[in-house]
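My structure is below; once you've seen it, I'll send some questions.
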Amino acid sequence: MVTRLLKELADHVSAVVVGDGDITIGSAATLEQAGPGDISFLANKRYEKYLAGTKASAVVVDKDCQVETRAALLRVDDPYYAFGRIMVLLHGYRKHRKTGISEKAFIAESAKIGADCDISEFVTVCEDVKIGDRCVLYPGVYIGPGTQIGDDCVLHASAAVYEDCRIGSRVIIHANTTIGGDGFGFARQGHKHFKLPHIGKAVIEDEVEIGANCTIERGTIDDTVIGQGTKIGDLVAVGHGTKVGQHCLIVAQAGLAGSVNIGHHCVIGGQVGVVGHIKIGDMVQIGAQSGVINDVPSRQIVLGAPAVDASRARRAYSMFQYLPEMRKEIRKLQKQFARLENSEQTVVDKGHGQ
Amino acid sequence: MVTRLLKELADHVSAVVVGDGDITIGSAATLEQAGPGDISFLANKRYEKYLAGTKASAVVVDKDCQVETRAALLRVDDPYYAFGRIMVLLHGYRKHRKTGISEKAFIAESAKIGADCDISEFVTVCEDVKIGDRCVLYPGVYIGPGTQIGDDCVLHASAAVYEDCRIGSRVIIHANTTIGGDGFGFARQGHKHFKLPHIGKAVIEDEVEIGANCTIERGTIDDTVIGQGTKIGDLVAVGHGTKVGQHCLIVAQAGLAGSVNIGHHCVIGGQVGVVGHIKIGDMVQIGAQSGVINDVPSRQIVLGAPAVDASRARRAYSMFQYLPEMRKEIRKLQKQFARLENSEQTVVDKGHGQ
Amino acid sequence: MVTRLLKELADHVSAVVVGDGDITIGSAATLEQAGPGDISFLANKRYEKYLAGTKASAVVVDKDCQVETRAALLRVDDPYYAFGRIMVLLHGYRKHRKTGISEKAFIAESAKIGADCDISEFVTVCEDVKIGDRCVLYPGVYIGPGTQIGDDCVLHASAAVYEDCRIGSRVIIHANTTIGGDGFGFARQGHKHFKLPHIGKAVIEDEVEIGANCTIERGTIDDTVIGQGTKIGDLVAVGHGTKVGQHCLIVAQAGLAGSVNIGHHCVIGGQVGVVGHIKIGDMVQIGAQSGVINDVPSRQIVLGAPAVDASRARRAYSMFQYLPEMRKEIRKLQKQFARLENSEQTVVDKGHGQ
């Protein structure tokens, strides 16, 4: 285990130390579970209650944090990011198995593999594949004919990439994810469904990370593209020909239909559905479970099914449970009105009749 | 690359040519991306704006299309289907690797494999399996004991079929899909959950296509059945004992619980959920993200959660965001009414008292 | 095929026999599909109509069942559970392939494998893995370095368990499921997303069953835990650091975000979404497709998005389709009111003016 002085960690993330910078830190932990020698962080108000009683030796906090605690503090602008960088310093990222090119893998003769790759047992690298340097392919990975992969990529167990796809550099693809499968491209043929060939590729740009058990379809006609730096959660479906811009976040179980166009820096919540053939601008945020059926202009925050402006949606949803009361109130007004109208009639009649 | 004369393509799909039928076409492309030598199509009004400026040499359009364009036109009844058939002519479907039966596959001695199959590396074909002619099994595919597969099937990488299942002919199963896993069949046993054995099979009929990372459970007691010609998108869950009729479309991330009965030619939208033990008729259409909790008669189009008649649902959903306004209006009416009733009282009092 | 006398089955489940206990039963079947020699059951009112006409020789029914039928009856307190136990007696659970440790598997030298394990072809067991006795690993399973697995576990085809995870005893993991992949743990770093290392494990306790194509992430900082006896359906996503208590049921396609805390004996319906960092008590029930965004106290039954008390939600949802009518009624009231106010004004004017 690597240990560091707190002041070293502070230097690393440009933090102001409150307390003894010479204590030794060996590990990262949550506020609740941390013990002596651990560093923790506070980035979400929900966990503030744990700060006072934490046994962590140090805690990374916001510059304005006022909570009293016995732990030393590292004050920073962005506690989560700073804590993440400290985690890298203390723990590093996953150390991949050093397998070299396993004799139990299958590498087609025409495939070209760069330097220092680790290709595990039971990996299949098909004909005419090109793989860059320092890539790691876990057991059971399948790379279809003609697919090209850049440098420093990691494909986890049983990830499958169909033929002729393009994967950039520093891409991470998690286990059991499928890249480049056919889209739902069928045309009616009388009472049957006619399958279209899928001549588009799936293109995964640099620094993309894709979670486990996702499906990124290839395009029917033009390519499906996941833009540089975009991060995708687990069990996400991206349809044929859809283009996702750079540095988006797509949370678990979201689904994008085919031919969707999404700009850069969008955040798409968990279990969101986006219908086909629409355009979502840049920096759009879509709340969890929303159903997006129309174009969304840049910088909009939308929510609901169908998705509308989020604050508007939030008001509507918060009111939803009162629908029965609203209906009763309408009924009551109708009755009151009818009664009033009757008595009114009487008054009017009297007024007129007398 | 195969090239064809435009008039050959026109003959193939019974199109009327507008323009020069002797030009050469080599590839299919979208209106936006097409260049000289490409053929494109227009089947969705959203893309009409790209027709005038397209650089495609030819475009497949509807018989009534009126847009001006320099491209030659192929006028047909159904542009998407005609274009699909032209894609097949120009590009063909996926060419599978010709591996024969790989020495790196495991084939149980008691398994029977038909003629001209391609069984890739790291495929497992268990005891008593029967596979027909010309099947293609991609790397990592698992076929459990006693399972039977017809002719001309394609199972993509790491698709897993549990024991004793039945798969017809001309079936396509995409990567990382699981067929015949156990259903969610548990009975309460005091404070625990008691697992039921699953003695039903999963039965996949002829010409079915199942997307990537789907789960088609086996039946607890009777079989799960996917009817002939039905096409299923990615990440779809079909529960134990559910029967899906012929030629249905089930879009990505939809989920059918157990013991559901679905007729033929139904269209089930993306992310739809269907509760267990209900009956959905023939030619039913279920809008995306709907939750279906009651039987649906044939030919109904339903939408929403809970799903109701689609046009009714659409009106309700379009109104949803106005709930806060509705509530305000009710509040206002209540106040106005109260005020009116007071003044009314006054009038009535005056009327009576004077 | 094993056959049993009906009275033996009755003894096994403490049933009262109505009819001939000496008939022979060989198989379990549904009421509709059963024939002579079959036993069936009735546990759901929807199927009561099939009881009179069933060709089953015997039917397991509730103690109070009054339907007339020619079949012999086994009267019990809980027909589904009793029927399940009879199924086990007649059919048993899945018989796993007896492969021993296949020569086509890869077992790292430092891995420790218990007695009587069956490890199939193309399984990868990495360095420092410990596996208990009588475990069954199907083809293509991946067990990452340092992971520990108890006794009597079954991992189906291509299930992937990342490094350093903990899996208890009698755990079943279905095909293509991913355990211990990285969570969606990213921090903003200017315009990019910075990946946090994931130092937490995934911990799967004893008697857990996890369906096919699920994703149970590892923790970013502290462990993700699935409590003892919990059963999870297909395509379920469990986020990083989330703790699920004992004996819960999580139905297909549900998704739990990160750092969620769920008590014991909860039932989470299909396609439910639960946001991160919230606490759900014990014995909570969450209706299908709900979106849970706030803490839920123990024993609550909630439904809807956002989820509220279920009976309240059900009333609101049943009213949802009448929103357009409600709006019309409000409009009408407004008009009536305006008209009335006018005429009222007249009356008042008259009252005052005369």
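A, B and C are the chain letters, set down in written order, and residue numbers restart from 1 in every chain.
Here, a contact is a pair of C-beta atoms (placed from the backbone, for glycine too) under 8 Å apart; a residue touches a chain by one contact, two chains touch by 3 or more.
Owing to the predicted nature of the structure, the values given are computational and were not obtained by experimental measurement.
Enquirer: What rotation angle takes the CA atoms of chain A onto those of chain C? Round to the nearest 5 degrees.
Expert: The two chains, chain A and chain C, differ by a rotation of 120 degrees.
Enquirer: With over half of the numbers shared counting as same, classify the chain A/chain B interface as same or different.
Expert: different
Enquirer: Roughly how far is chain A from chain B, going centre to centre by Cα mean, in whole Å?
Expert: Chain centres of chain A and chain B, defined by C-alpha means, are spaced 24 Å apart.
Enquirer: List, in ascending order, every residue of chain B touching at least 2 other chains.
Expert: 122, 140, 158, 176, 213, 235, 253, 271, 320, 322-323, 326, 330, 333, 337, 340, 344, 347, 351 - these are the residues of chain B that touch more than one other chain.
Enquirer: Give the list of chain C residues in touch with chain B in this complex.
Expert: Against chain B, the touching part of chain C is residues 27-30, 33, 44, 46, 78, 80-81, 83-85, 87-88, 91-94, 97, 102, 104, 120-122, 138-140, 156-158, 172, 174-176, 207, 209, 211-213, 229, 231, 233-235, 247, 249, 251-253, 265, 270-271, 288-289, 317-318, 320-324, 326-327, 330, 333-334, 337, 340-341, 344, 347-348, 351.
Enquirer: Going by the contact rule at the top, pick out the chain C residues touching chain A in the complex.
Expert: 106, 122, 124, 126-127, 140, 142, 144-145, 158, 160, 162-163, 176-178, 181-182, 184-189, 191-199, 213-215, 217, 221-222, 235, 237, 239, 241, 253, 255, 257, 271, 273, 275, 277, 291, 304-306, 308, 312-313, 315-316, 319-320, 322-323, 326, 329-330, 333, 336-337, 340, 343-344, 347, 350-351
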